[in-house]
Structure formats: C-alpha cells, structure tokens
Amino acid sequence: GQPLLLLAGPCVLESGELGWEIAREMKDICARLGISYVFKGSFDKANRTSLRSFRGPGLEKGLRQLGRIREEVGVPVVSDVHEQGQVEMAAEVLDIIQIPAFLCRQTDLLVAAAKSGKTVNLKKGQFVSPWDMEHAVGKLRDGGCDRILLTERGASFGYNNLVVDMRSLPVMRGFGCPVVFDATHSVQLPGGTGGSSGGQREFVPTLARAAMAAGIDGLFMEVHPDPDKALCDGPNSWPLDQVEPLLRQLLAIRAALDEDQNG
Amino acid sequence: GQPLLLLAGPCVLESGELGWEIAREMKDICARLGISYVFKGSFDKANRTSLRSFRGPGLEKGLRQLGRIREEVGVPVVSDVHEQGQVEMAAEVLDIIQIPAFLCRQTDLLVAAAKSGKTVNLKKGQFVSPWDMEHAVGKLRDGGCDRILLTERGASFGYNNLVVDMRSLPVMRGFGCPVVFDATHSVQLPGGTGGSSGGQREFVPTLARAAMAAGIDGLFMEVHPDPDKALCDGPNSWPLDQVEPLLRQLLAIRAALDEDQNG
Amino acid sequence: GQPLLLLAGPCVLESGELGWEIAREMKDICARLGISYVFKGSFDKANRTSLRSFRGPGLEKGLRQLGRIREEVGVPVVSDVHEQGQVEMAAEVLDIIQIPAFLCRQTDLLVAAAKSGKTVNLKKGQFVSPWDMEHAVGKLRDGGCDRILLTERGASFGYNNLVVDMRSLPVMRGFGCPVVFDATHSVQLPGGTGGSSGGQREFVPTLARAAMAAGIDGLFMEVHPDPDKALCDGPNSWPLDQVEPLLRQLLAIRAALDEDQNG
Amino acid sequence: GQPLLLLAGPCVLESGELGWEIAREMKDICARLGISYVFKGSFDKANRTSLRSFRGPGLEKGLRQLGRIREEVGVPVVSDVHEQGQVEMAAEVLDIIQIPAFLCRQTDLLVAAAKSGKTVNLKKGQFVSPWDMEHAVGKLRDGGCDRILLTERGASFGYNNLVVDMRSLPVMRGFGCPVVFDATHSVQLPGGTGGSSGGQREFVPTLARAAMAAGIDGLFMEVHPDPDKALCDGPNSWPLDQVEPLLRQLLAIRAALDEDQNG
C-alpha cells in the first residue's frame, strides 16, 4: 500500500538551527523506514493559554525559516495559518497548509486555504463530532481543494482533559480523505497546569499504536531533542532520540494489518 | 443593585427593517422593565456548519445597519468580530465588541479588541474550563481593556450536545467581571441536524431562570419575531412576543434574591 | 401550591444522638418555613471508594435508629437499600425507600421496592440520560408503585467530576413524578481525593438556587453540625447552622415563581 | 509471551443448545489460533433498560447450563453476579466470577466474590476513572483475591454514548492485574434506541484492534450466530462466523508488538 505519511517537527519554530537539526534527523529516520516525511513547525502560536508565553518568530521570519529548511534539507513543509490574510504568503512556501482545530469551522479561513491550491490539513475541533467534519470538508471542496488531510487530535472530555475516540478514524476516512492521527496534541491536558497546557507524554506510544491499528494514513507528532526545554508544548512533545523505535513499532503494526488483508 | 443587562437581537442581521423592528420592540420592553438593553446582531456568521448557509450582510453593510439602529432607535449595539483586521472598523460603530466562543483563545483578536477602547464581551469556549477563562481575561487586561463581560454559553458534552455547568457562573464572577448567560446558544445542539445546528428552544426559560438564580449580571438572547423563519439559529431563538413574560419571571427571581440579601 | 419537600440528614447514621439532634433541628426549621420535612440517613454506605471507610451501623441497628427518630421526633424517614433482600425489613420502618444512583437500573431491586407499598425515591444514575429514566419509572409502575420521586444528582462529566444538566429537571417532571434535586451529591468530585470522594461545598447554594428556579418539587441535602468531622461525604455536606438561611433564599425564589405564574 | 485470553459467548444464555453450539465453535477456533478460551454467558440480565426485555434462565437453571457446557465442551466458564447472595452458588460452577460495571463499587458484592476463591473479572464502571479502579482492586485484594482481571468497557460520554479511552489500559495494567478489553459493550449506545440499548457493531474491529495495539492481556466479546435475532445486545454482538478473521487480525497485531519488543 501507500507509505505512511509523517508530519513531525517542533511545536513552534524556536531557532533556524533547531528546526534544521530536527528536519535533518527526521528525514534520515524516515528514509531508513520508508516513511513519507513532512517537516512541521509553527511560525506563530496564536492561541497560547497566556499572553506571556513564547509565540514564535512570526509569519515572515517563520516562513523564511521554513523555506530554507524546505530547500536545504529537501523536505516538504507544513505550518498552520490563523487568518485568511496569511494564506497567500504562506502558500508561497508551504506544501501543506494546516487549519488549527479551534478554527476548523471558520469558513473564510477554510475557503482561502482551499483556493491556495495547496494540500490542506484540517484538524478536527475538540468540540466537533467526527461526522460533522464532513461539512468542513465540504467547505474545502467547494473552495476547489481536492487534496485534504483530516487530523484527529482528541475531543473535549470534561474539563482540562481530552479523549481520543478511535471510532472517529473510520468515520472520517469515510469522507474519502486520508486521516492523520496527532499523537502528541491528543495527550494534552488543556489549561491543565495553570498558565499553560499540561501533557501526558507517557501515553503517546499507547495512543499512536492504537490509532495505527484502528487504521490511519498518517501520523502527526511534535518532536524535540530536549522536550523539557521546549518553548511550547514540551509536556506532550516526543523526544527526538526515541522517535525511531516508536516508528518501528508502528510500522510493525501497519505491516501486520497489510499482511492480514493480503494473506 | 445594578439593573440587569440584556444583550438581545437576531442571530444574524437579516434586513435593516427586521433589526430596526426588533431593536424598537426590545427597547420598549426593557424600558418598561428597568433593564439595560443592548441591541445584538451579527454582520457575518463566520462559522456556519455549511457553506451554503446564509452568512449575513458582511462587515461594511452590517456595520451601517448597526450604526443606523444605534442612532435612530437610540440603543447601544454589540456584534462579533472574527479577525483582528475587523476590529478597528467595528469599534467605530459598536459599543461592545464580542469575541465568539470558538475564538476565545486567539491572542491577536483579543489584544486588538482590548486596544479598541470598547467594552469587550468574551464568550467562553465550549472546550474551555471556567477557571481557564482567567487567562483569556488576562490577555484582555494586558491589552488595556478594563470593561470586560464574560459570557457562558455551554460546554461540550459528548457529541452534538452542550451542557451548562452553573458552577461556571460564580467561578467567572470571581475574576471581577460581570458575567452574562447566553440563554439561546446554550440550548444549541451543535451540528445536530445535518447541515446546520439544531436547538431546544423549549429549554430557554429553564436555563435562563436557573442562571438568574445561580447569579448573573446580564443575559444574552437571540430573539426573532418568527423564529422558524429565522435565517440563522432559528431552532434556538426565542420568539419576540414571548420575551416580556420571560423577562418578568427572571426579574422576579432577581428581586427575590436581592430582597433575601437585604432582608 | 404544594409545600416544598425536603429530604435531609447526615450522609450516614453515625450515632443515635447525632441523628436525633439533626432531625429535631431540621424539623424545627422546616416547621418555621412551611417545608415538608423527611429525615434522611443511610444505615450502610455500600459503595464507599475504599474498604477502610466507615460504612454505618448496618441494616438492623440502623433501622432501629431510624425507627426511634421517626417516633420520638415525629418525622417521616428515608434511607437507601442495596439488595432486594433488604427491602422488606426496611419497609417496616421507612416512609420512603431510596434507590441509589448506581443501582437505578437493577430491575430486582426496583421491583422489590415497588412492591413494598412505600413511596420510592429513585436517584438518576450518573451514566443515564434524563429521558432514559422513563424506563426505570416504568419498572416501578409495573411493580405497582404509584408514589415515585425522581432525584437528579449530576451526570458524569469527564473523570472525577459531575455536571448538573438543568434540562433534566423538566424532562423528568414530564414523566408525572415529583422531581427532587440533590444539592450535596451534585457537588461531589467522585474519587477526587484519593481514597474517598471530594466535594465542592461552596457550590451547594449556587446549584440549589438554580434548580429551584429551573423548577423542582423537592430538595435533598446532606447536613451535619460539623461537616469537616462527618464520617462520610463531609466535603460536600452542608453545615446545619447554615441550613435556614439557604432554605429562606430558596423559598424566596419559589415564591417569586409562584407569584409570577399567578400574577 | 502469554497466550491471549478470550472471554466470549452470547450476552444472555438463551437455550442450552445455543450456548453449547457457541462454546464448541469458539473452542475450536481458539484451539486453532492458540488462544486461551473461556465461555461467557449471563444467567440473568439484571439491569435491562425495560422490564419487558428477556432476562435469561435465572440463577439455578443458568448455572446448570453453564456447568454442562463446562463439562461437556471442556472449557472454563464465566458469568456475572448481582448480589452477594448469588456468589456462593455461582462459585460452585464458575471458573471466573464477573462483577458488572454498574456494580463495580458495591463493596459487599466485591468482598463476597473475593472470598469465593475464584478468579474475579471486575468491569470498570462507565462513571469511574481508570485510576480510581485501584480502590476496587484493593477491596478484592483485602478480601483475599489475588487473581483479578480488570475489564475496560467504555466511559460515559455525554448522553447515550460511550467512549473508550485507550489510556485506561496502561493505567489499569499498572495495578498488576491482567487487563481485558470488552469489544462489544464498548460499542453500546446506552438507552439509545428507546426501550433497549443500541449498538454500533461496525466499530467492534476498530476498537478491538486499537486496544490490542495499545496493550491488553485479554479480550471480551459477545458473539452470536445470528446477532439480529439475539435476545439481548444484538446490535453490538459480533457474528460467530466472523470471529476467526477478526481474531487472526488481532493476533497479527499482537505478534507484531512481541516481535518488535524482542527484535
């Protein structure tokens, strides 16, 4: 079948060097494993819990970093946009335009992303049922977009907690789009630690394995060489030096499912 | 004590006449009842479930309608903004700038609204705990805003349903801002009827009475002379000709609480 | 209209003296306020979080205590049963037999309670929708019971938390049974403090006022002269010396609603 | 590693022949696949939504059926108990005594099951967090039971819906007990179809694969030769003739994880 798609990188673009280092390392790992890799990095964290949190280099500087990584490392790049005015500029650099989960119902943003001609990765809102994402997909398709990824990243479950409903994966695959599982945001504890969101990094492998076995086309992960020093989402980022063993495990599951279907 | 604050009007600005009619009627009712009234109407429904739904007159035309209602009827007006670029223009007309619930964590939008010098009505996201709204309030205050309203409109409760946690009202009042209860969006069934959100209009009085008794400073309601023909959110809009009896009942509860405290 | 019904007492029967003291005090308060009072006390807490928690005097000794309070203080009494075998003996003493929320779907227990000829107070399970309680009511009615109380005590909301959905009150009143709001269990945090359940006593008045305004026929409260020393559910029990001011406030709300309806 | 444990059979014991047929078929399948099989069948459905639903043959007749299947087919058997008085008699026949999810906090039932000397399969309540199950395990251990299975069967998620939180599997494995995933009750829609619970049979494989990859020791499934004619829980039962392909797929996932760990 198709190679696994992997969108991975730091939560926020911290420095050009860090992004470059992660992209190189991830590219090598994915080449060894036969995974189709896309570098992910946010130029701006537009919805941090607190105003005092690090937000990133901003649109222009961030896109320059992403452009350099794209060219020098030779990998496609994905980043998220927050207002329709950012889409045109972002589309000059990005291979995939990502719509944040909180914004998955903002019609203008979706239509602008659709019109960019790029692949769009639409994250399912924490407050949206899987079947209602069909309407959001419809907005993208009506806008002319036919390369759509849908990403599951957990649903609101009481306060300060998310739960991943694995039923959402086959439901969203039913819309005819590849489905991606975001293994690191799914273990966030929103607002759970005072001025920033907490996370349960220890559950990343559990949920990633479960989603792979449930059936996905791609994986999304925030990775960092030293997650405890990450400027954003450290508590749920996955350590760079543990990426390869985790991916090997996930590919073993994927191969087992393929064999079973063909056997 | 303070008079009750009421933000009410059609979900979306349908025609200038309709808005004008509702504003006149509501102003008269509120004058009779000693309620402080603000006309509410959206110029753009930026997050309709489906692309084919009516979105409204748009920013410029909508603001003109709101400006005319403000002047001719003589009532303050409130409307919602969706991107920071809309704030400046909106602030020239509006008395209160409203931040939609889905966007309550978008830092740039909050800061722009704060800098406008206007009162800001911040709706609590369906995915945010009451105590985490303190961070959003902090973003507004850091942006220079000191007239902040916080609005409860329900929390995600499984799929296609919201629940109002009445504990949120005292929690948010604890941040030192007046708290408003949105009695009509709280009975929405998000995405519950296929291509648009459903609603349970029959529960509006139940929840409004409950919130009033729990303790609120203001009420938010979408009202319409013929809700079943409303171009947006009809299933949860409250009929204009039933507004006065409902408000009388709510004021009776409010008076009972006041007497009890003073008695 | 009907006087308000109040089921109140200690969570568990601690000592004969304590129960007697609470019953006397509550009877006096309710006489002053025109409230119809029923003494509540559990003879056995059959589902404590931990085995090491105090469970109560047990069936026989507990029923003797309840019988004495009933006769000497002159108040009706309510207590909960956990297995059908307890119902017959309990029915000899109790005026109202209560079905615990966790057991609201145990057919044999419901049928045995129905056949006892006593009034049955059926608590809604934390895992049951309001409309599905109609089936449990049906089990009682088919068993020959026509005096049924339905009690709301919160619904599961993520982990270690409950939320009160005020819509449940009119829904359950629609089954033709008086509806009671349990103001103290509704603020429990199940399992929230390690080996026992936590509670948010500070929200008791908020939720009680809200439920009264939403529309209820009765109130349920666990009260204690010194909640911090209570042997069960202290964190969510209401202090005996603050019962009267709270009830006065609730009656003021009730009167306001009555006046409004008759006005 | 250990062979996979499988608890499977009809929801309720319908007739001796049906149970016998299912047990034989399942035993053969599991022998081929190297799975450790236990026949499951309820003698009494004590918490059906409606009084008019089929409840089963009852304790005595049901245990006789189970005993005959145990002896004649040569498989261990599991069934559930609902009151402590049933435990002694049940323990004379059963290899595993099961505690229903609604009753997972009923101390007397747990202690009686623990004292029986049998293995106990404790189902996690829909209203209990995974970490709070440690207290229930403690009740069993204090009662002298050291062979405990813990079963995940979904958590309350709004009304009439359950969600499986895959994080619960490693959390409960951390208590030192084998963890079982109930693949058919997890797709129930409680009370979702009027007088009985609905189900989403189509999601059984998705969730079973996900749980297997997340990490479990055993699987629980209700199977039936003709689920649409099953007298209980048909909508979420798995067809007997599709059991083997599903189990093969699950074993392939299990093997992939084992290889990966040993590779």
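Observations on the model:
Note that the chains take the letters A, B, C and D in the order they are written out, and that residue 1 is the start of every chain.
Just so we're on the same page, a residue touches a chain if its C-beta (ideal position, glycine included) is under 8 Å from a C-beta of that chain, and two chains touch if they have at least 3 such contacts.
Being a predicted model, the structure only gives us computed values, none of them experimental.
Shared contact partners of chain B and chain D comprise A, C.
Ranked by separation of Cα centres from chain B, the top chain is D. C-beta contact counts were set side by side for A-C and A-B; A-B has more. Over half of the residue numbers found at the chain A and chain D interface occur in both copies, marking it as a same-residue contact. As a whole-number value, the distance joining the C-alpha centres of chain A and chain B reads 33 Å. If you average the CA atoms of chain A and of chain D, the two centres end up 36 Å from each other.
Averaged Cα coordinates give chain A a centre that lies 48 Å from the centre of chain C.
Counting partner chains per residue, chain B has residues 155, 157, 159 touching two or more of them.
Across the interface of their complex, chain C is touched by residues 46-51, 55, 82-85, 102-103, 105-108, 111, 125-132, 135, 138-139, 142-143, 155-156, 159-160, 190-191, 195 of chain D. Interface residues of chain C facing chain B in the complex, by the touch rule stated above, are 155, 157, 163-167, 169-170, 187, 200, 202-203, 206-207, 209-215, 248-249, 252-253, 255-257, 259-260. Chain contact summary for the complex, chain B toward chain D: residues 157-159, 161.
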